[in-house]
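Note that chain A is present in both complexes that follow, paired respectively with chain B and with chain C.
Right, the complex of A and B next:
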């Protein structure tokens, strides 16, 4: 192989560039910093707070699979029974002062709201939950 | 010392055992759903009476109004977005018309599911054909495959035209296909709450023309109607075996 050194260096640089999101911001933005400013929840969440703060997106992904693909709308944990739906979040959380505030701080843009309703949208709603 | 032949045989046997074991191991998440087979019987005489009292062809009966409201179907002048379409049927040219409300027929052998490129459309264990909008790329093959013209393509963003939103159902974006799913979000929730599930149109009908129920349960209202009266399915020659049946 010709120019072994340059090739190896190139590969290392390429991988480093590829992994940029990990080493540029990794560990620098912490949700704990904004945690106190967020609006308190009205009830108990599906799992404990720390787990939910880190992995709520995984849970929502699981719920999406459950509700859309398997028709399961009931979720039981040690904290109670939950309806597998995004509407379940608004029962306890304020959208603007909890979800959006933290997402803005962490610089993440969930694509959920392109197709799903959230309370910050200016619509009147009908409710079929009786 | 183990011979080479025996070593190879053992590794192959081990690998086969692991592979078959993995293949047989499956999660039965749909077990609850396979107890049900949702079906609907529509009384055409009552529908005809209702549509006639509202001025004949082109009327918007309460089932369509309520369906659009519940499933976030945007109002539009340009395109027909409502999930139920009313057809006028006559025996002869001068005969009295019959009005057939045609929504998705929830076929047993759905053509739309067969052609779907991304497996976004699929048939659940309880017989409902659902579009997973997270996967739909809007190619519209399913609309071509559907013999009942039951699917709609969202050409424009529904958010601009919607006035009332049902948070439980998806609001959707432009560029996806939508269809009647027997109000899947409602009947799934009600089933697990232990209630008798009913789609919105069935509850909204003032004439009680629509009957919804479990075809696998011999004591359900739908099964009783199917046993006692004569029902037809649309375009039976295609072999799709729809679960929406029409009582004449």
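Right, the complex of A and C next:
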């Protein structure tokens, strides 16, 4: 074998790159059964749980369209009547221990909170929602 | 049923074992082959008299020591410099060069998009997710932020670049001629992976929490619960299986250029022919030239000669050469 030093260095770097998930977290990767850690919610969700887990962002997107473009503010499903609004979620869900917990786990950062309210924010004017 | 799903848990380990062992095997195999001649290809000014100026471009192009050869290598690896300079090979009827550097452009776009996509996938393999992954994802999505979920540009760019790179092999006559089945195969794998990934993100929504739990169980070497496996979406399984197949296929494929590029003799050798003598590593300082010492064996007969002359050559390949001569070709030694 020629240029043993360079080749060995190359192989070491190659292996180091493959081990990236370990060293970028300093070896502390936590396995979480996230479904079991979410705060329980009240009542019944807009659709069933499985559907919500997959499609809640689509639902919110559709709701935004419905409310802002078409002025539809009420939404009826077999689980009941809902106001077409982001704040509707806070009737039953906690923000920090529900939405944010799962989003942090998945590394999702919705931009919505730049404008919209969620209960982790402390605004006295909107506290009537709680 | 759920037991059978554990195949998907075993799959990545098998794929990575093949990938790592195969890659190291091929790298060592390359490292064992000698480079008997000094063959750097250069276009820049070599070091010579002091009054002949060399700019830094000359130093990169015609490196005279290991450091500048290393810099040239970096330009090659990160900017695909050879591709940039070497794609203008179409000659139209008028003898005009045609600029085909769009190949370089799409190659760069494709490779860098793929790099960022792979780094972004770290969000599935780490928990908590490191900040740099979040930053990459944020920057990737700044242009598409009004869309839910934010449109990540690398995914789109990679798809467009792939379409060009594959379209080039399908639609252009010359490229179609020189494309092997393996060229199409790897592009097919890439296409399946990209399209299934984009579908999952933007169109067919899947429950990502199970995907992440599955990914974490792989890096943590702890088998996932049957519940997690049962909740993996079929489209995800397609995506995942193709990724594993591609990873296992890399050592056998042209994707090995990620390691092979470091072994390109025309790129990694300093152009110091006139300063340093290059000794053939497999036959250093022979007293008797190898041609006379060991000779050449053709069809079981060994021919030794000081210099390979026409008579010896003719004797070696008599049958073939006579056959050619029968078709009224004149065979004779080249005059120098």
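Please note the rule applied: the second predicted complex is superposed on the first by the 93 of 130 C-alpha atoms of A that agree within 3 Å, B and C clash if a C-alpha of one lies under 4 Å from a C-alpha of the other, contacts with A are read in each partner's own complex, and residues count from 1 in each chain.
Going forward, a contact is a pair of C-beta atoms (placed from the backbone, for glycine too) under 8 Å apart; a residue touches a chain by one contact, two chains touch by 3 or more.
Only a predicted model underlies this, so the values are computations on that prediction, with no experimental measurement involved.
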item: Partner chain(s) touched by A:21 [first = chain B, second = chain C, both, neither]; value: second
item: Touching partner for A:11 - first (chain B), second (chain C), both, neither; value: second
item: Touched partner set for A:29, first chain B, second chain C, both or neither; value: second
item: First (chain B), second (chain C), both or neither touched by A:60; value: second
item: Contacts of A:107 with chain B and chain C, given as first, second, both or neither; value: second
item: Chain B versus chain C, judged by how many residues of chain A each one touches; value: C
item: Touching partner for A:1 - first (chain B), second (chain C), both, neither; value: second
item: Chain C-contacting residues of chain A that also contact chain B; value: none
item: Complex contacts: residues of chain A adjacent to chain C; value: 1-4, 7, 10-11, 14-15, 18, 20-22, 24-25, 29-35, 50, 53-55, 57-58, 60-61, 102, 104-109, 111
item: Residue ranges of chain C in contact with chain A within the complex; value: 16, 20, 23-24, 27-28, 31-32, 34-35, 122-123, 125-130, 132-134, 137-138, 145, 148-150, 205-209, 212-213, 216-217, 219-220, 222, 225, 259, 262, 281
item: Of all residues in chain B, those that touch chain A in their complex; value: 29-30, 32-33, 69-70, 122, 124-126, 130, 132-134, 159, 162-168, 170-173, 184-186, 188-189, 191-192, 200
item: Residue ranges of chain A in contact with chain B within the complex; value: 64, 66-74, 83, 85-87, 90, 114-117, 121, 123-129
